[in-house]
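One structure is given here, and the rest of the page talks about it.
When the chains are written out, they are named A, B, C and D in that same order, and each has its own residue count from 1.
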Amino acid sequence: MSGLLKSDAKGVYVIAATPFTPEGAIDFDSIDRLVEFYARCGVQGMTILGVLGEYQKLSESETLDVARRFISATKGRFPVIVGVSNPGTAQLVKTARAAMEMGAAGVMLMPIAGLKTDEAVRGYLSGVLKALGPEIPVCIQDFPQLSGVFFSAGCFVELVDAFPQIVMFKHEEYPGLRKLSTIRKACDGKGRRYVSILCGFGGIHLPQEYLRGADGAMTGFAFPDVLVSMDALMRAGKDDAAEDLYDAYLPVLRHELPPGIGLAIRKEILRRRGGMASSALRAPGPLLDKDDVTELDRLLARLERRTGRAITEILQTAV
Amino acid sequence: MSGLLKSDAKGVYVIAATPFTPEGAIDFDSIDRLVEFYARCGVQGMTILGVLGEYQKLSESETLDVARRFISATKGRFPVIVGVSNPGTAQLVKTARAAMEMGAAGVMLMPIAGLKTDEAVRGYLSGVLKALGPEIPVCIQDFPQLSGVFFSAGCFVELVDAFPQIVMFKHEEYPGLRKLSTIRKACDGKGRRYVSILCGFGGIHLPQEYLRGADGAMTGFAFPDVLVSMDALMRAGKDDAAEDLYDAYLPVLRHELPPGIGLAIRKEILRRRGGMASSALRAPGPLLDKDDVTELDRLLARLERRTGRAITEILQTAV
Amino acid sequence: MSGLLKSDAKGVYVIAATPFTPEGAIDFDSIDRLVEFYARCGVQGMTILGVLGEYQKLSESETLDVARRFISATKGRFPVIVGVSNPGTAQLVKTARAAMEMGAAGVMLMPIAGLKTDEAVRGYLSGVLKALGPEIPVCIQDFPQLSGVFFSAGCFVELVDAFPQIVMFKHEEYPGLRKLSTIRKACDGKGRRYVSILCGFGGIHLPQEYLRGADGAMTGFAFPDVLVSMDALMRAGKDDAAEDLYDAYLPVLRHELPPGIGLAIRKEILRRRGGMASSALRAPGPLLDKDDVTELDRLLARLERRTGRAITEILQTAV
Amino acid sequence: MSGLLKSDAKGVYVIAATPFTPEGAIDFDSIDRLVEFYARCGVQGMTILGVLGEYQKLSESETLDVARRFISATKGRFPVIVGVSNPGTAQLVKTARAAMEMGAAGVMLMPIAGLKTDEAVRGYLSGVLKALGPEIPVCIQDFPQLSGVFFSAGCFVELVDAFPQIVMFKHEEYPGLRKLSTIRKACDGKGRRYVSILCGFGGIHLPQEYLRGADGAMTGFAFPDVLVSMDALMRAGKDDAAEDLYDAYLPVLRHELPPGIGLAIRKEILRRRGGMASSALRAPGPLLDKDDVTELDRLLARLERRTGRAITEILQTAV
């Protein structure tokens, strides 16, 4: 058993896609296949029902069915964090409790749209955290490019002081390297308790984030094996080797980053790597057109030439 | 039976609140009570599961239960439009079909967040309208202050030409009087088929909107009886009498307008008028504090003095 | 002489329009005329080069010429606050110093676009306030509907503690009644020094704001004489008489409120009241079309009937 | 002489920084030095007074002085486009005419903040283009991440049909590869006249954009020599060599991309490459802190190792 999420969490917590059939049904077999793929990639954890998981297009019962299948497929090999953001606090709590009962290690949530100031964010998150109770470990997701909600480092730190169940910060404000440094210094395990910081937003600054004190990555990049290797190299003190590896994949990582179309690209790469049967997004998700596919073909062919590895091959940790 | 929504719809389609108990459970008895209240107000129709209906805080099964109870409580006295906006097209279609089977007259939807241009809005709405099919009458809600999605009058008119099932436009862009005029002139029943235009955004410009050709109101203002009377006076050609009546209520209407806190004020007035047992919003909805209540007390006392009517009294149509 | 702006400022500080000729030249004679109009209205102060002043369409030299003419035309009868918001701090300071040398009582500034958190707002305003120095009295304008910048009450209060030159808060966040109450209670002259709070955003909640402790209005409403009377009644403890007067003008006040087109409506009313020769805005300002003018004609005719006063008549303070 | 900007413009039009002294004065000597640097880089053109040029922090007279110095320093070696975006149309036209008289090849403008639909954008740009007249070649900048204004490909194409003076499109909506393809296909010189498309937003998808039909780059990337070489390789049909070169610089290009802090990073690299004496931004521009500098040192050291070239060395076109 993987147990509850703790503030010393490290490494690569991959953001899982939710596989659908071309007709839009949930493809449960591909959930199993995807979990095996991530397991072979060596991920330290997995976060489901995030943006890449198209959580907002699932009904309530589908949400629970998907969570159950993902958690069960991991067979306790690594912890699962479940995204539970919801406009209604009661629904949020209900989903969170159900997820924990299924064996989730913790939940992830972000402030709802429309909060405009640190005061408002603190008020909202305090209410939700009280309703969740102290038993459920929480990762706070900071993704203002999507939520439209900005809060300061100081605001997060106040919440850390007030709510011991906050064990992780998903950093993805862009630009945000200084915010990461500020939070790292504030929650350093000396002046204040340590909080795990994992980095999202496609990992576009990941080597820099490691060097500023991040504990790992939480992103849907379709080559999590590469991030796992990079993470291992970083931990071994081989910063340049880690970044060399990362840089080789940067052209593709950069190509996956854009919101919307980027999700379709990621799912298509995951399909080509064997992670799922179809790359379909649920409507109204974007479809790749002929130009997009040609472009992706070319980028992946270039990647294979540069790395000397087929994209279907899973990179074994290089340390 | 009230039948399907048509493009000649007129009058006051009240936006219904969803009553909750102080603990956050759906208060089904108050749904019945609220429908009776609206019926006594003489509304021409009702729209449920909109913003005031806190639709985004209901689970899928609650959504259907609430819709069923509202529709059944009307006993066919007036048509019910059901808000079905949803990030997932399949969910949207499923809710719409269920609502129509329960006896809804039509559905209302708005573009999902993140659409940035007329092209994108047209693309999204075309996809959804095709998925819904031609049998379900549709009201397009234009509420960019909430959705963040702006589209031009020309964009809407193109959709009208392509999709006969669009029978109604809920106008609430602010400022937007010119857009209303442009759409009215374009969809005037001569050069192009007529489309019903009902006005929301709290009715803050309602008399002006009638004079620019609107067919009525679709708002959650807690005095729908007043809007019904105003509508009747407008139709009788008594524009100044209509606006005099409206102006008497303008201080309260203006006070209800703000997003967020305005919903709490509306529910509190509805409670005081006998429409529901509790004015509670589901978390994380705003609560009125002591200052807010004192302020509201004063405004309602002033209203009673000015109109010579207790707020519990329902205004009988004045024509 | 009116001297420097102090934290006990009270009453109506009218936001002045900048008069242009139909060809877009600055109409200096109308500046004189407008100042006389405002003087006859009995305003306690005047703020120039704000949004209604179309400050962003003036060149640097025009800015100074306009400020000089306005200040000189007041002949010391009431204080003038000069809007100095500028993307460049050096330019801001230069304009502020020039304005003070011309006899301004203080300057008004708002955070530049793009600041996302309390930390960022505090950082920006601290930098600007240090550059301005302690000698120039400052009014902080809080207008997030325009600037896109939101900050919390607590953020403002910290600035008050750090910078004694902040003597005034222009409150116009919407909705924002609670923020007003919070700042009023925090800066009450007991626990912390008093700061003047004047209310903008068209005065759409002005009576409520007075009752929550505001010291007056700072808005471009085209009937400042009415606000002056309302202010006097409020100070005399005649709250209901004050609000009755306000309510009579609320239909027009509400009509002037929308951004963009509202400025054109205000200038047209000011023209009709004799305040300026032309209601032209500089391009790309909106123009009133035929429908807009018909609508305004009707609203003003209704106002004259309701009040029994021609709009050209200036209301003498009623206390 | 370089003459007027034409729709067959190609290659790298570098966005020029504006050099300041640490005290914030314009550093005219560094303007000369920077132009020589860009000339040695082999750029095909230069765009001044854009975002990287901190145009909004310059006074009216500084704007003209800076434009004059830049244009004069080029000695006719390559065309200069002058950014003239301005909230006031009259000011915009005045700056544009002055720039053309100084020898500019054309002007660049973007829609002002606050335009919400294709109709509004078309209305605004039509007004400005009429005021500018048909003699001044125009590049339309599409940078919604900064302006907040989104318009569709169709909207731009209508403007192209109506205004022959539009000769260039600066593409930088993100994500926006499909929009680029749509405009390229619509303005292909067959069904409709050709329009030059240059790509900004830091060049983050530049190879893909070339392959979709872009004519070049218009960005402030601090290694314009690399883009010039890449452009030459692309034109020679050596797509992979072009992209290999680009990819080597992608880690730094990616690092420069973020708004705000990215400008400070670019100016610091330009300084280190010898382009200017100081990397200071005018207040309230961001400053690099110690962490930022350490990070940049590392990235540039890695770049030098990877390319085998000192960053001070200017890459000679590789074809």
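Keep this in mind: a residue touches a chain if its C-beta (ideal position, glycine included) is under 8 Å from a C-beta of that chain, and two chains touch if they have at least 3 such contacts.
None of these values were measured; they are calculated from a predicted model.
Novice: Could you tell me which chains make contact with chain B and chain C both?
Specialist: A, D
Novice: Trace the shortest chain of touching neighbours from chain A to chain D and give its length in steps.
Specialist: Step count on the best path from chain A to chain D: 1.
Novice: Determine, among A-B, B-D or A-D, the equivalent of interface B-C; equivalence here requires over half of the contact pairs to be the same by residue number.
Specialist: More than half of its contact pairs match B-C, so it is A-D.
Novice: Taking shared residue numbers divided by all residue numbers at the interface, is the value for chain A and chain B over half (same) or under half (different)?
Specialist: Here the answer is same, because the shared fraction of interface numbers exceeds one half.
Novice: Where the centres are mean C-alpha positions, what is the separation of chain A from chain C, in Å?
Specialist: Averaging C-alpha atoms per chain gives centres 47 Å apart.
Novice: Could you please state the distance in Å, as a whole number, between where the Cα atoms of chain C are centred and where those of chain D are centred?
Specialist: 38
Novice: Please output the residue numbers of chain B that touch at least 2 other chains, ranges allowed.
Specialist: As it turns out, chain B has residues touching two or more other chains at 259-260.
Novice: Among line, ring, star, complete and other, which one matches the pattern of chain touches?
Specialist: Looks like everything touches everything, fully connected.
Novice: Provide the residue numbers of chain B that touch chain C in the complex, in ascending order.
Specialist: 174-175, 177-178, 181, 204-205, 208, 211-212, 240, 243, 247, 250-251, 254-255, 258-262, 289, 291-292, 295, 298-299, 302
Novice: Which part of chain B faces chain A closely enough to touch in the complex?
Specialist: Per the touch definition, chain B meets chain A at residues 24, 54, 56-61, 87-91, 94, 112-114, 124, 127-128, 131, 148, 259-260, 282-284.
Novice: Over in the complex, which chain D residues touch chain B? Could you list them?
Specialist: Within the complex, chain D touches chain B at residues 116-120, 144, 150-155.
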